[in-house]
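Okay, got some structures for you below.
Both of the next two complexes hold chain A, though its partner changes from chain B to chain C.
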Partner chain A sequence: MRTGGEKAFSRIMLGPITILYVLFLLAPISFFLLMSLFKYDAFNMYAPVVTGENFARLLFDGYYQTIILRTLKIAFLTAFFSLVLGYPLAYFLARTKSAWRGVLMFLVIAPLMTGVIVRTYGWIVLLGREGAVNKVLMTLGFLSEPATILGTELAVLLALVHILMPYMVFPLFSSLASQDPDVERAASTLGAGRVRTFIEVTLPMSRSGIIMGAALVFTLTAGSVVTPALLGGKDVQMIGQQIYELVTSTLNWPLASATAFVLVFCQFSIIFLYFRGGRSRAQ
Partner chain B sequence: MRSNASETMPGDDRRGYTKGTISQPTMEFGYLRRVSMGILVTAIYVFLLSPIIIVVFTSFNPTTANTFPPSGFSLRWYGAFFESSGFTSAFQFSLWLGLIAAVAATVIGFFTAYGITRFLTKKRELGQSLAMLPVMIPHILISISLLLLLTVLPIPEMTALIVGHTIICLPFTIAGITASLEGVDKQLELAALTLGASRFRVLVEIVIPLIAPGMLSALIFAFIISFGDVYIALFLSGPGMTTLPIEIFSYMQWESTPVIAAITTLQILMIVVLGLVIERLVGLRKIMRV
Partner chain C sequence: MSNYLKTLMDRRRFLESTAMTGAGAAALAGFGSSAARAAGGELHILFAGGTWQKWFTETFVDDFAKAEGANIVWKTGLSFEPLVIAQRRRPQWDLIHQNQNTSSQLGAMDAVIEWTEDMIPNLKDIHPSFRYPYLAGKIHTPYGLVVNTKRVKSPITKWADLWNPELKGKVAFPAWNWMGQEVFHAINQLEGGSPDNVDPGIAKLKALYTDNAALTIENVEHTKQLLVEEEVWVAPYFGARTEQAAAAGAPVEFVVPEEGGLSFIWNTAIINGRPKESTELAAKLVNYSLDPERQIAFSRLTGYPPTNIQAMKNLPPDLKRLELTDEQVEGLGKIQREFDYMAMFAYRDEIKDRWNKEVLGS
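Moving on to the complex of A and B:
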């Protein structure tokens, strides 16, 4: 009787989340992504006719090509710069003996908690014609008149790196903090220089953190709507905005679904690469 | 000696782990190396924090333009915020939504965390990864799919918004509560069960009191996540149910006066206070362990 009761109890514990995830996460997302295979219909959201035209349009229509390529470029650069900036920070946080460690951790988490809108607005203020960046560049003599930074890819990239970098720092931090510092010491005792120790010992050991962080930042960038809309304007359209417009104004659900599919495809490719890489290492 | 209340929390293993890391021998930094590392890390922190600090400064700007440095000191934009019914009602709406979603995510998160740590012995890793699913899925996708669900099933829009927020908060509440549960001695529960207490009674009288700080932290963190969300609300908010970030977003598409700075400064203030409460209770790192 006891085990029967246990089973029922565990069902009560894990039931709510199962229902929630299946009914409100997995089922609707599958339905939405499946729509990419159907024909567009102005009156019924979609016509029950299987077609490849949505994907064909994304791949061969110049307008969508540009948007997809731009998104991939910005997402790649955002992930890259998040890694370049996030790695030293994560390394420092994982190795420091400073009493301020807790506070320094908090300062990485705090921006994340303010939400996307607050930080995007911060960049509008910083990068505007009257903003601090222009003021500083002019005072230093790099510019004679304020430059237009808002509305460019650079503005979007800067803000996205800033907004998404914490997502890179946390996985990096956990993989670096779980490393045994004795391994690094062993490498240097055996005569490896600091650079060599870093490249051949520390870096490979933090591989899982790098890929986790990169996958997260890449996907979050590719799916962002608000930041490119406010900082990039009409000139820097990205996939996320495209999906938003297709769903809210054009009401072309099948095409929106195909566009979202591109997003999911990219993400799964990275995760796949991660597992493949992991297997070849194990062999 | 620190007299932090959470230090004495029974079986709080994450604390011990942090302490251990600090006392572990680390590489000896050369002087030059240490200085250059210091400069680099400082520069990264400046990059991380300046857009937020600048917002606080701008909110006291007396003029309409988003100029920096501010040309004086004034509270006119705070006045403008409190006079704007659009912003104040959105603020209230976000508070309520955050509260409801946070409570839901904490309750379901507690059930899940307890189920995973106590009942999924072999499939524990799998269970934990599945629970983290909403972090791995772009939120815009979750939001659109819920909008799609609304067109198929007769659910009120408000429910979809609450469900969406609950879903994006769940990974954080589960991670936080799981960490707290790992610190609870299973023998205590076993003893109570052997003495004839029901599973339910064990939860209410033993487990929940022991992890109360962890649960409260999870609740606060979920509230913060919900309050800052823009992507779930992007598709699911409608007339009479606009969240603050959406209200700000639609306002900023037309103009951006420092009234936004005033609102976001208030939001930053609220988040810093709540963040410090969590830090005091269990430590923020515990929750950010995604």
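Moving on to the complex of A and C:
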């Protein structure tokens, strides 16, 4: 049982982060929620007249509906493919006894050191009609003429999976590396094959890493601006781009705030569902 | 100016007397220093980053800071207009990097001050084509069409060539919040439209995206990359940036369209409402940027022509390629001089919404 002193100590320890969250998370979100209820004014950006027209425009206008749904779809697919591709890599890194493990870990992080814009430009070179991907596919006989990949959801998805992969691999690695190897050995001793051991022991025990990695990749994708703008073109508009344009170009702050609020609401809801799902399965 | 616009302006005055803008200013009040600190010889500048800032600093700011004993505080990036508008009651910055479009809009909102020859003596030598009420260019940036000379066989001479079906899938148009807005209004104007009637421009650009499968170019580097990769053969672009793309290996040349090109002027507009000492210091730096010798040095770095008549007349041999005749200068700025910047500003949300739905969503 915790003593009063321990409780007080815990509260003191939580104090700084609570202040930080209130000042730099809750206060800004409250501010833009308030702004989202104001009326747009062409010369002042907003007027303090309460209206629901910004949310109505977002939720009932087909153009904005499409953008919201597309953003959620791309965020979900990016999280899914990052998991499918990242899990084997994280598993290998967690289990290998190789002296090169540190180097391999560095290689996973290395793309983060180049910056998202540079990596996105790299994808332009690879995915262009004259790019390496088209050349390889044509050489192998899969295509008779270059395919248009730039300006499609596929291009955005490929680049986002690549760019955000480290955010999936490290939580997975952390949860896999912390597993007690005796548990897998025990399953094996009790007659489980490698596949069954993986499905019934290793995979469920790495649930926290899967949830954390998926939540990180999902939220980062949903708010991405640069990659969809450079690789997606006019057909792959996402919420982040809309917010950026509304704030800096159109200067429609109330609609930008409403859009940001919808984005944050979707992200929090998905994260909540992820964690609630993870907790209920654990119970 | 339309009635709608006048109504908006009246509402603006009314709303300025409310506490509404105070909310934005209050939210931003925590950052930046007090006015008093700038008065002690600090100049706070909102500026584009990258090579542009580097060249601007090397050519104008370093000597100015030394001569005036001024300390320069930078905030770099693009699209700082919302910050300046939000801070109109308590401005925290002295200068903002602008073109004629955005400076005219900020000027109409009293967010930046009008330039006079008393404040900025070198202003008298600036070519009239590059002088606007709230800004005069330190250079001007001819803007027309970049053309891939290896791939495009038919001559490209006018804006209308972007719609040539032979170029399907190989043309591009700038993103709205990069140069797209201005180019759209130019095309709209050429098609007989105006800021309060953008139907002709919307129809024309919709055709460019649907019939000619135009790509969207997001910025200078993105365009350069697509030109080098030969993903784009013809697009609206800057003259000097075309030279840089050619130097990077793209087989391209710059064309000033017959209907008239565009010419963007860039400089730092002086933000209104700052202490007198800060405003005077800001005006001195602006005066440096209009000095003929410094403009020539800046032209050498950027590849863009100067705006000071003395500098234009006395270009050294290595910069003679930047010399323009009066006719060429006239042709470059022809379309923009007819722009109604305030109407463009007033209708921007409505026009952008139509752009999103009818052009990009087509």
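Going forward, the second predicted complex is superposed on the first by the 243 of 283 C-alpha atoms of A that agree within 3 Å, B and C clash if a C-alpha of one lies under 4 Å from a C-alpha of the other, contacts with A are read in each partner's own complex, and residues count from 1 in each chain.
The definition used in the following text is that contacts are C-beta pairs under 8 Å (C-beta built on N, C-alpha and C of every residue); 3 or more make two chains touch, one makes a residue touch a chain.
No experiment lies behind these values; they were computed from the predicted model shown.
> Under the superposition described at the top, does placing chain B and chain C together on chain A give a clash or a fit?
With chain A as the common anchor, chain B and chain C collide in the superposed model.
> Is A:25 in contact with chain B, with chain C, with both, or with neither (first, second, both, neither)?
A:25 contacts chain B only, not chain C.
> Which partner, once the models are overlaid, touches more of chain A's residues, chain C or chain B?
B
> Could you tell me if A:249 is touching chain B, chain C, both of them or neither one (first, second, both, neither)?
second
> In the superposed arrangement, which partner chain does A:222 touch: chain B (first), chain C (second), both, or neither?
first
> Return first, second, both or neither, reflecting whether A:150 touches chain B, chain C, both chains, or no partner chain.
In the superposed model, A:150 contacts chain C only, not chain B.
> Applying the document's definition of touch, where does A:132 land relative to chain B and chain C: first, second, both, or neither?
first
> After superposition on the shared chain, which partner residues are touched by A:115: those of chain B (first), chain C (second), both, or neither?
So A:115 only meets chain B here.
> Tell me which partner A:44 touches in the superposition: chain B (first), chain C (second), both or neither.
Only chain C; A:44 stays clear of chain B.
> In the superposed arrangement, which partner chain does A:63 touch: chain B (first), chain C (second), both, or neither?
In the superposition, A:63 touches chain C alone.
> Would you please give the residues of chain A that touch chain B in one complex and also touch chain C in the other complex?
Overlap of chain B and chain C footprints on chain A: residues 31, 45, 121, 124-125, 128, 130-131, 229-230, 244, 247-248, 253.
> Considering only the defined contacts, which chain A positions touch chain B in the complex?
5-6, 9-10, 12-17, 20-21, 24-25, 27-29, 31-32, 35, 45, 85, 88-89, 92, 94-97, 101-102, 104-111, 113-119, 121-126, 128, 130-132, 135, 159, 162, 165-166, 170-171, 174, 177, 181-182, 184-185, 188, 194, 216, 219-220, 222-223, 225-226, 229-230, 240, 243-244, 247-248, 253, 256, 260, 263-264, 267
> What residues of chain A sit close enough to touch chain C in their complex?
Residue positions touching the partner: 31, 40-48, 63, 121, 124-125, 128-131, 148, 150-151, 229-230, 233-234, 237, 244-245, 247-253, 255.
> Which part of chain B faces chain A closely enough to touch in the complex?
Checking each residue of chain B against chain A gives 21-22, 24-27, 33, 37, 40-41, 44-45, 47-52, 54-55, 58, 65-69, 108, 111-112, 114-116, 118-120, 127, 130-131, 133-142, 144-149, 151-152, 163-164, 166-167, 170, 199, 224-225, 227-231, 234-235, 245, 248-249, 252-253, 256, 260-261, 264, 267-268, 271-272, 275, 279, 283-285, 288-290.
> Please output the residues of chain C touching chain A within their complex, sorted ascending.
8-9, 11-12, 15-16, 18-21, 23-24, 27, 78-79, 81-82, 85-86, 109, 169, 175-177, 181, 209, 215-216, 218, 221-222, 225-226, 229-231, 345-349, 352, 356-357, 359-361
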